[in-house]
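Chain lettering (A, B and C) follows the sequence in which the chains are written, and residue indices restart at 1 in each chain.
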């Protein structure tokens, strides 16, 4: 019974997001459509992290590295497409591109390579060390991005035209939302399939009891590394979409603050819950939108809220909702 | 006598000045229950850790089914069929009994990187798991989360998981620990029957169980085996009586 | 001599990192807690120093204020929030202390605004000294090196020679046991946390005096302290010192030496940009090497 209730809650969250965007479009509220798009994108970033964090138990505080990689791959390809210069001529000539369908695989591939390296090194540690190491590697990329002037350095990189998607006009907000929501849906489906598979069983087992997993013949590190790489690819895709949304990338996409934000989306919604990050991202954007104008210091309130959730409601918002529903059962 | 399934020769392990394992040699033959007894602090858990592959010994060698396994890690040894249970039950708490055993089936299988098929719909996992669950006496509890199982049921779950490994030898670490009288009797019967699956290296404190089950006994004191023999031989051995049993008899 | 100057800079940088890392590693060693808000305490120390120095005109009062404010903020935060986190897993600790960063940062921004503040050093500490060999070096930077060394010595004395130190070492070894032995754990933890906070605040004040004081100054230093701890080994003050000096030297010397080396192979402006980009990654590469060779850190406990 609880299983299908989880499924319903997940479907409702996704449906709500789509409903908000469609409703806003009909009502002529273009800005709200953009907000919903942002929620979908940041939710996607969180879905990626959730795979490693929620299901795998890997507290990666450096996922912004992959978010930024996705963003910068997009920005680099787009800006080279605009000025016609090749990105590199060794070992083969790589030209820019402004086709999303061409850029996304490149973004995910770049993130996969980075995650393989970072993951292989970081997984030599556990616990607190792992958290610190993942944070440190993300910071390394951040500093590199700042000191590499070719793509704007600290000021970042703008590209004027949003990349193209066959059959759609990506500059129309609701159409771009459709792309982002579509990818989010695919990622959610992917996560659901993977976590219910044999691999998902092994992953969640290593999270809960590594010793027992080893005793039944399952080595934790390859399983974790795989989850880490998959999670990085999803978060990178979000970064690519984010870059196209703003037509701008900057080193702040790599910052520790961004890593923390992505983690906040996951926690707010509920760790290890399929649509948790989507709910969390939506709430975050709502807060930013509602409280931002009230005070520049709205993030202090976010901090207090986060503190309250960690201390008193560890299941996140979805956990609270499910608890309330369960209580309603008994009334 | 046929060849031993598990053969340990000259195992040594020191932690700084402390010698935890001092030139230990022992064999586990097919069809037998070989009990390992000794006072607390004798080094039983260190020895177990070296056998399963959690710790590297300083010297000595371990062979399993004729193959030297010194270089293999714990997961590889488990896949070879060296099935262990833990002194403090170690299960996956949020998984059901079925999921726990399915995990063991998957691990033994060696094919963990399958992404597309939902595990619960995978007959190659569920059918063997259900079989081992009923074999271990847990029929009817498949859907129960492991965290709410009783102590005795958790012990049975560990046995089910051990069975799922298609074991060639069992290494059971104090399975009787924490069992009440009735549960201990049940478990003793289960263990006796288990002998038919594969030989058991049984580390135990519960002397009733040891004398009821063991074909042979080795006595570990201060990291060294001071005697190996049948139950009668060990009971009569003056050295053993003095350093271990003597304290109880 | 340029190299000697960079070596001293590296030493000074390393000492500052040591102040940060020592507090972090102490808290983790004794309480098993990872604290992301450590950078905020660094910032609090810097702001307290700048604010009090501005109001009273005395740098020395500012310095005293930085220690008091950081220790006080640390103790307060420990009693209100941190204490609830000891039994929680690391993820919860990370999130809660990240939340604290947000509160501290925005709170400080609300009080002081977003623009950097500057400190003027008193005449006694400013100016340069002439070192043997003819190098002119800022006196204050030498002071920082001396302070770092003094703190290292002081911590060593504290941990090996005092009752508090014994409790700290016992607590690192077995948390439950010291409670059973009648030690007031709650008070011990608050003291340790406040001590770590004071060190961070001191570092903030010292660095704030030579650079600037602004919101967000603490987090980059926090992350560097993490690198130090990974290299040196968690829970080890000696590891924190060696790690900090290694990181400080590698970073400073790397940034000084690599661009000129690159300039031998490529034209100057490319050498400068590529060189400084590579140099900025050097300490992380060092960390990666340590991870490959000795993942528990140079002085960390094995397993």
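Here, a residue touches a chain if its C-beta (ideal position, glycine included) is under 8 Å from a C-beta of that chain, and two chains touch if they have at least 3 such contacts.
Please read all numbers here as calculations on a predicted model, not as lab measurements.
The greatest centre-to-centre gap from chain A, using C-alpha centroids, is found for B. In terms of Cα centroid distance from the overall Cα mean, chain A ranks first.
If you average the Cα atoms of chain B and of chain C, the two centres end up 48 Å apart. Mean C-alpha position of chain A lies 31 Å from that of chain C. Mean C-alpha position of chain A lies 43 Å from that of chain B. On the chain C side of its complex with chain A, the touching residues are 28, 34, 81, 84, 88, 90-92, 94-96, 98-103, 105-107, 109-110, 219-220, 223, 226-227, 229-230, 234, 273, 276-277, 280-281, 284, 287-288, 291-292, 295-297.
Across the complex, chain B meets chain A through its residues 52, 73-76, 78-79, 83-84, 86, 90-95, 99, 102-104, 106-108, 110-120, 122, 125, 161, 164-165. Within the complex formed with chain B, the chain A residues making contact are 193-194, 196-202, 204-205, 208-209, 211-219, 222-223, 226.
Taken in their complex, chain A has these residues touching chain C: 53, 59, 61, 121-122, 124-125, 127-129, 131-133, 135-137, 139-140, 143-144, 146-149, 256-257, 260, 263-264, 267, 271, 296-300, 302-304, 306-307, 310-311, 314.
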